[in-house]
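Common to both upcoming complexes is chain A, partnered first by chain B, then by chain C.
On to the complex of A and B.
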């Protein structure tokens, strides 16, 4: 079960020549950066030093599953799950709205629970199962929530829609769609600037009351 | 976001050691506030120690208390059977915070370590003694409608944003921490600090210390409780003012009471003097008004937050009325 609970400790690499060389590079480029930018805040160094600092913060191996597909990746620690999905896996259905956890456009499911993918690091999701909007439909058959959003005009511009739909599916699965008030409360993390809220609520109520499996 | 090293220990001791030996390292749990701050350049950790694989998620009943692991998530805690049964005030406060998505990420330990949402703290172009000691407080003479009315200093008038912490301070919780020097227990009211001359320090945690759990002593506050939160929209906003009220009633007489406020100070604001006013009195609006009056003694407003001098007592009265009627 080692894979379920992997321990990463890059700072204490040792052993092979490669690792020793990497450790040396890390230290020497950090020292270079720190010479020009003394004090604790190395990251404030001017852009010209970024490449040198970058060598010290190498990529981390990452295994995770997205929409049923297993991926073996290599990512920079600062890559958010959102950026990994969009930039590296080219799953652009998940949207970047505010990038600060305020709008909900980036909502995905991790091991079945909805989260804001912009506020978690991809490396923190090692071994997890991610579902994005692309993973909701069954081939050409739309998910009942997608059908309901179409039927009720649950969107105008559509930018927040993938996040709204991921949240709406979770809202029903969690058992938080028992009344209009409860739906509004538990959908409050998804902002829609077009103001399609009443139609979104109608779509969720239809799916909930239809009793279909979501 | 700046670049950083990333480690993911699976043992508590390894996590504590990693932090203790590196002053520029930080723990990351849910990440909902830390990554937000790192993206904005407010915080620039050199190393993140991911503690999410530590076994600290359990919620368990102990002899005389409920123990909640520091890595238990806010959403699941708010709906946990034990928490709902024994500490419904905590469940209400947690449910009032953030959004469903964020509650699925944020941990109990991380919630109490949230930084202020003062806009001057968040804006790196502005002076802020909390972010950069010695640069001054932008809010003091600036836009201060969200700011403190109690316990502030001329160095910082920010408020603590956590809802959960308001309930925990009212419930006499204890924070369990583990560090290089061993384990210790911090009463919740001593966990957060007032700004004084060192607003950069939000809490009394020491370098290398890890929050492992929070313990809430059993108390007769299982029915008449209310976390009443006033905000600028119906959901998913920080409190302008909030109040946590818990009453033990004997008929209509108040046997014991707990009261705390949020959105008014640099720490969750326990109101022990107002609690004393309530004890032995009938649970009526008149009693609640007297308690609210005592609670507000010493409050002082700035240019834009005088509304809190009225909203404060009204919120307390409303919380007490709701608790009594529950």
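On to the complex of A and C.
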């Protein structure tokens, strides 16, 4: 089955790979499947519902480390990292605000770098280390950025907050927090509709100036 | 014994802050229910007409699909068939569309189908396979084109005392005969709330007659009422949970079709259904600030006394609900003017219904009024601040009665100092820094200091902490934090020992969060509940300690592990003893405005916003370099959260002034702004370090706390302050928002 196929290389050009795979499913695997697969799949295949047949095989294996926990997963290639985190790993601290990489609410760290998790398919992150807002604190000890957001009231409704905090930590790590203007520029991918920007900038400046390791 | 520190006025951190910074705060689409399913809505591709057919075959066959529901197969919703007025909604006139009830299309992207599947990906894929066929009719989505069909709202026609009626003092349209006069037209386009959390609902039929919804709503009780009526259920059979609401700004003041659709879907699949709108659907399937055209005429004497104002407005509404807002309210009471006329009309378009967006009509009206004030000051060659002072109202000229409190002059002074108003030049275009033109402007805001009735539940827990509960929601201002502070002071208990729970319709009755009224309304209920608890405990303590029998409830003091009396530390009864006697239930208290204060006084919060802008002479780029917001909002319970709320309103005002513009292509009736790439809202780089100052003087009449409300005045007046600053910088008067560079380059 496709789930066990070790040679799936997602760095290959998507189109030809998918096409080849679909043909494979239709031709060879389908024959195997018809031997072993339960009735509905055989019926579906007989009725040429290749979409339905394909669906039975369409999950691919994925290894990820999320907040220090190693996961061996089986996911649909079309699943975004954001939806994987929220709907399958139940890490709902990472927020969905637009699905287009325009708002930053879904910001997470991949190998320490900030990305919009809505703009990446989960399978593109094979083997990577993901940190979400749930993994930022050290047990009960909040990360300095979380403490600074609390102190400076860097939020109101709280929905953009996980993304702002993940982005803020990365902003300092990148060396893009050297002035108020620079912070505002490099935090502009994270929208706060409540408008707590002044307080967010104050929180980032405090952490940056405090010199703590982020 | 050490007197506990006073909490009201303290800059306390939010009580729910830790949940929000760790990702533990749970919003409506984040409840892990067993057997959860995912729904995606399909919207109409036409704007007006009828559905002739919907091909759902391919979607039904797609993997993982559990149901595809359209008006062809939707189950009967009992409330949809109730004769007469729609029972399920609080709309003034008309009622919202009953989803999947008939084949009529009344606006573009109106839900025509809901697809439910076992995963989000599968639901989304299948939704794309649903194809509707339509019989199209001619639509109208342009207010400018429909202005001639504008009408007086039915609410006003029916009731001559309704505030939407025409208003008159002195002579009608007297400005026309004034010696010095102006007449200008203003446009505030459609703006969309776009809170960061998309509209989301998780609907769960726990039994055939018992519904629980986790919903993005500003009012758990209003939502409960809506859906109980829709399904013909007793209200107690419907539970609405909104523990965290990821922003709303008015967007969740109305129950929308997607909520009904999710509940129908959950009924059909007999499993919990989770539905989150897409960002595109946040333009179409929920409300917005309506496109509003205004005309303002004003006359004045050469020494700067306003002699007459006429302010007219036409706002858009849908064909099925008459949406109205108080666009002209500020004009009637803000300045002395012996002659004053207001006329408010609405026009029906083939669009979804609008809904109040922060500051609502007042923010729209203030753009015209405060721009016109600036225009008249310029015409008279008087400083705009001085012009406002010359027309300052010491009592309400609309209702001819005193203000409950008004410290707007103090706000003017605070703000003018902080922004550096003395640098402002009367002549536009006088200040320049290289290619940047610099200007200063101001805008005033006001909003009624409303107080309703509310209940609060209170209970002493075995560990000596106090639990308070209220059905109120918190869309971001920090309701639980403010209530904890109020309770702490009233009980004399440290805030850490108080827990305020909210966002559940099973808790004590509370109003919908909106209209800047929550601290005004729920605050007194919390205060009174705390006093009632003290009294209850005093009575119980009296049975074992005589000193409590003669004591007053106000003197009852909480100490570590026991109850004692102020000034009599020897009197002490352990909590453990009291708890044995307490029945374990809640004390419920109802708090209502008392007496005639609201009839004898006009109650308003006031604000003024000062802006310094830099306008690039060659590109027309506008940077708001300084924004100072000052408020007379009565007692400030928490300056940290209240200040944040003011800053947020100011940022919203930047959006209104410079970028927010939801555009429909009228040929198709469809929005062409459909996400944050097209519909711009302020980001970090657009926002200056907003400065906030509060007068912080208690209002003697609104309630015992002295609060007046902040949410709306935070944005009302910001857009004209920026527009006026742009005029001062460039000499260009832009009367149609948003003020984008193209308008400054012509």
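Simple rule for what comes next: the second predicted complex is superposed on the first by the 160 of 214 C-alpha atoms of A that agree within 3 Å, B and C clash if a C-alpha of one lies under 4 Å from a C-alpha of the other, contacts with A are read in each partner's own complex, and residues count from 1 in each chain.
The working rule: a contact is a pair of C-beta atoms (placed from the backbone, for glycine too) under 8 Å apart; a residue touches a chain by one contact, two chains touch by 3 or more.
Source: prediction; values computed, not measured.
Of chain B and chain C, which one touches more residues of chain A?
The partner that reaches more residues of chain A in the superposed model: C.
With both complexes overlaid on chain A, does A:185 touch chain B (first), chain C (second), both or neither?
Touch status of A:185: both partners.
Applying the document's definition of touch, where does A:157 land relative to chain B and chain C: first, second, both, or neither?
second
Look at A:92 in the shared chain and tell me whether it touches chain B only, chain C only, both, or neither; answer first, second, both or neither.
Second partner only, chain C.
State whether A:78 touches chain B only (first), chain C only (second), both chains, or neither.
both
With the two complexes superposed on chain A, say which partner A:114 touches: chain B (first), chain C (second), both, or neither.
The first partner, chain B, only.
Is A:170 touching the first partner chain B, the second partner chain C, both, or neither of them?
A:170 contacts chain B only, not chain C.
Taking the stated contact definition, name every residue in chain A that is touched by chain B in one complex and by chain C in the other, in rising order.
In the superposed arrangement, which is not itself an observed complex, chain A uses residues 56, 76, 78, 99-100, 184-185, 187-190 for both chain B and chain C.
Spell out the part of chain A that touches chain C in their complex, as residue ranges.
For chain A paired with chain C, touching residues are 49, 51-52, 55-56, 76, 78-79, 83, 86-87, 90-100, 102-103, 105, 132-134, 136-137, 142, 146, 149-151, 153, 155-162, 165, 180, 183-185, 187-201.
List the residues on chain B that touch chain A in their complex, please.
Against chain A, the touching part of chain B is residues 1-10, 14, 18, 23-24, 28, 30-32, 35-36, 39-40, 44, 46-48, 50, 52-53, 75, 98-102, 104-105, 234-236.
Would you tell me which residues of chain C are touching chain A in their complex?
13-14, 16-27, 29-30, 32, 38, 61-64, 119-122, 125, 193-198, 244-249, 276, 278-279, 475-478, 640-641, 643-645, 647-652, 675-677, 681-685, 687-690
Which residues, counting only chain A, touch chain B once they are in their complex?
Those residues of chain A that touch chain B are 5-11, 40-44, 50, 53-54, 56-57, 60, 76-78, 80, 99-101, 104, 107, 113-116, 119-121, 123-124, 126, 167, 170-171, 174, 176, 184-190.
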